[in-house]
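Listed below are the structures to be examined.
Here chain A shows up in two complexes: once beside chain B, once beside chain C.
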Partner chain A sequence: MKTQPARENARILFGTLIFFAIWEFLGATTSWGIAMVPAPSRILMQAFADRELYWLHGTATIQTSAIGFAIGVTVAVVAALLFCLSPRLELAFRGINIALFATPAIVIGPLLVLFLKGDWPQTVLAALMVYFPAMSATLLGLRTVDPRIADLVAAYGGGEGKLMRYVRLRGALPDLFAGFRVAAPLAVLGAVLGEFGSGTRWGFGAFLLSALPQGNPARLWGIGLASSAIALAGYALFLLPARRLSASSTAVTLAAVQKAARPSGGWAWQRIALAGIAVALPFVIWWLAVTLTHVSPIIAPGPGRTVMFLIEGRQAAGARAALLTALGQTLPVALLGLLAGLAFAFALAALSLLAPAVARALLPIALVAQNMPLVAVVPFVVLIFGRDVTASVFMAMLVVFFPAYVLLHQGFTTVPRAASDLVSAYGGGRWKQLVHIAVPYSVGHLFAAAKLVAPQALLGVMVAEWLLSGVGLGNLLNVSRGGLDYDMIWAGALISILISVAAYEAVGFIERKVGR
Partner chain B sequence: MNALPARESLTAPEGTEPTGPVDVIIDQAGKTFQTVRGPIRALDPISLKVPRGAFVALIGPSGCGKSTLLRMIAGLEQPDEGGAVLVRSKHPEQFRKEGELGIAFQDPALLPWRSVADNIAFPLQILGRPVKRHAATIQSLIDLVGLKGYEAALPGQLSGGMRQRVAIARSLVTDPSVLLLDEPFGALDQILRRAMNVELQRIWAARQTTTLLVTHGIDEAVFLADTVVVMHAQPGRIAEIVNVPFARPRLPSLFSSPDFHALCDRLTESLHGGDASP
Partner chain C sequence: MMLTQTRRAFGKAAFAGLAAAAFAPMGRARAAETPLAFQSIWINDPEFIGYFIAIDKGWYKEAGLDLTYLPGGPDVIPQASLLTGKADIALTSLIETASAVSEKGATFKIIGAQFQKSPDSVISLEATGIKSIKDLVGKTVACPPLSLGTFKVLLGLNGVTEDQLKIVPYAFDPTPLATGQVDAVVDFMTSLPFIVEQTSGKKASYLLFYDFGLPFGQDLVTVNEETLKTRRKDIVAFMRASRKGWDEDFANPEKYTKEYENTWFKGNGYTPEAALYHSRIQVDLMKNPNGVFAMDDAWIASNLATLDKVGVKADKSLFDTSILAEL
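Then we have the complex of A and B:
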């Protein structure tokens, strides 16, 4: 038993060494290698030459992400506590939560700049990206209470207060750290995306923007790898406490008693009212933000003015046409990337059932890669695919693929043992198992994956458009930002967020239909 | 001294009225669970009176509603319309707030992140009592259930039987006057079980604790109880109430006496008798 992990580690080390040797060889000797995948030694040498730049940009990004992370998780934990105490409050904030989850973060950057000075736009964006994963993981942890323990507390006359104090808070810690772990790399991504929008001088976002036109592949790779390293360091930081906690937190026996099905409480009108609040609340907050900050309505229009901008007045037709053109360029690419990424992930996850060696090799890579900030792949994408639509599609596919693969792989491995044994017992091979058992079982996971990555696909395309291809919604926002066309920035952001939320809800709707 | 009144006074509702104070009154309490697949009748309306200081054992096939009955007495389940449960003339929810109720579930239900000592102290914290002042009590309970040296161990490091002993110690830490035990010795081996039986009898005799014990072991029920309530399943109901005449304190040698075996056989018959009873 003990030698198993050691042998595994040796295998991984050996594989990594071979990988780097091949990379070094191809990157140094082939012409396309020199142009697109420079050898590790060259990247390192370039990074050493750039060490002062790395220090200046790196400290800026690390500082921004760390502060943003701290703010984000603080708000997230407080929100999770409140939502746990009052499920109604959570329903009322559902609109905000989904919008924060689904919003392509890059559209928020240019808006934050209008309100905030200094490093604050990128800091707040980092906090916003951190909020949702940290909040939902913490809330899940707080909500999940072993019913037997709840009975015990009740039998000694303890109420919700005692349960919270002695059971929920401590019981939620492993989930809280799991949420922090996922959120830490997102803080780095938020900081970098914020730097694109704020036009700051220092930070990896600024570094990447300045390096993109220079045509120095080794420097581009260095930036991509360094920002990944920072993000993954944040992930690793929370790996240790989570490991240690989960060892002492998992219940030693499974709860045998099932909690009695709760009668669906609350009246219909109450739920309708809460749903109404959920939809209205984001707009109310938008309106309050522009009203209370006293920023000129020309720079920061409220919801009403932004909608009017697209409906009324001389410029409305032109604005609508510009937006529709941009949408026509962006949405098909995002959809294509989403479907291709999902299909690819599904096929590979299914393949790992037929050939388990594939999964053993791919899963560790996917686990790491899904936490890489997507801006880190920009250098790679631009060097290999150039700056046209292929780059956008590939970018969307890439951000979709890794998280979807990890989730779908889980789906395929949770196929009940007895079901596959039944197929084997009747002489069915792996292929039959796949078609009759594994694929039907994994459809649920496919929807979960789609819900998770659909907003990512849009974000990926918009980042590619902003930085590389110069078309579509991402470009429209970038150009409007440069041209101080504030109404268009707000309208573009609103439309992107609405589309993202609609996509999320649509997947959920189809999921519920199919699930029945 | 405590056995005498108990033996005569615990009766089915049709019987004679008890003479001393009654700790638990169950009056026409039935339980139907509403599930997605329709209602499940766990218990027919049953009635039972448990006098102060009595030791009552409940035996019956699994699924006959023993746990449900105990949970109703703890106020964790509400009896159906028309039924009532009173503990010391109070509603169970009210009574348990006084900290006079001790309970050990069928499953140990320990907090996985707490040590053995801290798990045993948990009811004190829920009741808002100072844990430090009870340190000696906790230590003596750990000794009692034979877990000396494991004070700092986490539940994950213990065997199933050890966890169950932690739960037993926890049920006693508040020095309860009404004790509910749901198959507390299920995971213990035979020797340990006998030893725990003797200990439980000692605690019960010393503290005059009104005790309801659910068990699968007929010999255990006969050894410990003044009264054995035999239940049948589908729907859950009381089939027979049998008094145990043996004098106290009962010694382990009782386990091998012919009278003891005769009574065990009679209970086994009652348990499997099905339609033969009432």
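Then we have the complex of A and C:
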């Protein structure tokens, strides 16, 4: 859309101004506005009054996010290099990789707090959030080598070492930065979630926790928006080098679409063995960690004890019933949130094709909402949606829609020129383009999006259950913590991870069936 | 920023060390202090001011302890810190600790009670007219999921059945009470009534669980049985210094609250008025003629009776009064 960019910019500016004017008016004059959605001017004034606190907490959050990010991407890049050199290794680590990606942060947070001291729980949480997207983007970049260049290296007598040095590493840079771009806001979200729970004194998460009972909505909004701004700054930071490196912005999120590497010329039994290792490895590491650290089994039961907790003994039936009830409450809401989020993302992506100006005006709001830490969103969600299913669905939608939108939008815009030209040549408008070309063409992206965000939907719902609805898996884990029922917590964690992994694999399976 | 501070502090300390070499006393104590980690139950607010006073006055140091104070938070379970060894001593809640002992086989001992009466309350606007638990019939009450079991027992003891009122979850935020979305909330009465009055402009009132059939203490000083055996001297020293801190606070609760606004309480953004209200109102819940932390026979009996009512098995051996006897 190259038509009159100046006029469009003016329109966007005008729309933004109207948006803030309406907000200011409603927030300052209506009773619910004053109590729940304070006017922008009030938020700014409160933030100005709190400027010293913002500095203290902001620097702490930035520091934690940055350290967590550095650790996460370092491990991710090293892992990606190893996986690139040995696809077998990647297959063996597949279980760990997906478990790390799928584990809801809210489940790991309290477990990290058990064992780590100082700022480490929130730092490690940030690092864990970063690892998978950064690793898979880097790996994608390393693997995508133009065969002609590879042939060239080979023709001049270069081996894998030379290929890695001259081609792969350089070629991977745009993907690397794209991965960092997605990972940086996640580091901030992980840090803030960690700070909220860990009992630290500094950081926006801690500030949010102490501000919650103060009945000061302007301060709550300020903290949420400031955290969002830090997360967005992280995104922007890696936008620049990426732009400089390549004009064609390679989509990071595509990483989730990549097919698992197959060892070349492997035997069937070898593949089965690797798959077995992939499944077993997370459990072996869990067992080793528990056994070697000698932590009280009340707190850290091993995999065996956790599974037996659900199968054997007088508590098993009760525990199973409690978990099943919780799952019955959580899963439908998560699924609903996932579908609603995907639908909204689809609508927004379609809108960007039909009415680009509207989509562009909505995008900043979407970006800010997406990067608000979940715990910071809770107060507003309660105030606006109450505490029933709608609120939980909304929370799930919130985490789901943006990554899904990015992918879908990319799917829509990478439609081959020839295909859309054909529709135009026959006089078809934007609507026809969408229905006949863009939608069918981006089915693959839709699946990729679903795979990427399915575990996130569970996270959104569990945070909602923990802090606002008091039902389901999120609540069960919270209440069990108070009763020191760590058997239940580890069992709940295990089940939620298995469900996330199953959702991820199921979408992948459908995708492969459809793709053929 | 932290780094420069540390460096500066280091520089100062190094300089002080040189100076001390000439004038002896300062540097000497360090080697003699035994490390002791103390896990609190919530973030830094006036609820723990007695310990802050004892730290700042150097009373733990005088008693030979190098105390590490660990603030609590939503993800921090103090009893778990005792089990992982992160902490040697912790503040815990009665029901959670008792059930960990009876159901999970933990070997905790409660050696003192910071609050004689727990601040757990049903808080409402005065205008709503809730003067007893019975008045909750037909009302909407917000209750934290973790207190739900106890609250239901409280209702039962006062002849109210669950279906006579509506219970919704509550997550730290008092706005729904101020705006009238709920009629009452279950929370500590140490700061919420003040904040609700500030935001709604209407008077708030509270009913203590303690006064309506469920008497129990709060912020119970808890240790592993093992620690009690092996580090008795350190625990006695900790309790002595902590009691001294609290006595200092009781003598003038406002003084230190104001003083700590920019140190211990810095960053939490509480208004000075809310912190002062908190400091004043909690004193009566903690005081005991035998000194803070006291657990007399009648108190232990009433706590056991409460545990019985909420269905947690426990007996006298949960409490160990021998440390208190040595203070």
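The rule is short, and it goes like this: the second predicted complex is superposed on the first by the 408 of 516 C-alpha atoms of A that agree within 3 Å, B and C clash if a C-alpha of one lies under 4 Å from a C-alpha of the other, contacts with A are read in each partner's own complex, and residues count from 1 in each chain.
To be clear about the criterion, a contact is a pair of C-beta atoms (placed from the backbone, for glycine too) under 8 Å apart; a residue touches a chain by one contact, two chains touch by 3 or more.
Keep in mind the model is a prediction, meaning the values are calculated, not measured.
**Student:** By the touch definition at the top of the document, which applies to A:Arg201: first (chain B), second (chain C), both, or neither?
**Tutor:** Touch partner of A:Arg201: chain C, not chain B.
**Student:** Please indicate which partner A:Asp151 is in contact with in the superposed arrangement: first for chain B, second for chain C, both, or neither.
**Tutor:** first
**Student:** Taking the superposition as given, does A:Ser86 touch the first partner, chain B, the second, chain C, both, or neither?
**Tutor:** After superposition on chain A, A:Ser86 lies in contact with neither partner.
**Student:** Scan A:Thr30 for contacts with chain B and chain C and give back first, second, both or neither.
**Tutor:** neither
**Student:** Once the structures are superposed on A, label A:Val167 by its partner contacts, choosing first (chain B), second (chain C), both or neither.
**Tutor:** First partner only.
**Student:** Which partner does A:Gln270 contact after superposing on A: first (chain B), second (chain C), both, neither?
**Tutor:** neither
**Student:** On chain A, what residues does chain B touch that chain C touches as well?
**Tutor:** Common interface on chain A, chain B vs chain C: nothing in common.
**Student:** Across the complex, what residues on chain C touch chain A?
**Tutor:** Touch residues, chain C against chain A: 1-2, 40, 43-45, 70-77, 79-81, 83-84, 86, 96, 99-100, 103-106, 145-146, 148, 168-169, 171-176, 178-179, 187, 191-192, 195-196, 198-199, 266-271, 274.
**Student:** Can you tell me which positions in chain A touch chain B when the two form their complex?
**Tutor:** Counting only chain A, the residues touching chain B are 146, 148-149, 151-158, 162, 166-167, 170-171, 247-253, 255-257, 260-261, 263.
**Student:** Chain A touches which residues of chain B in the complex?
**Tutor:** 33-36, 71, 74-76, 93, 96-99, 101, 103, 105-113, 122-123, 125-127, 154-156, 158, 160, 163, 174
**Student:** Per the contact definition, I'd like the list of chain A residues that touch chain C in the complex.
**Tutor:** It comes out as residues 31-32, 35-36, 50, 53, 56-57, 59, 63, 109-110, 113-115, 117, 121, 196-202, 206-207, 209-217, 219, 295-296, 298-299, 378-379, 382-383, 387, 467-470, 475, 478-479, 481-486.
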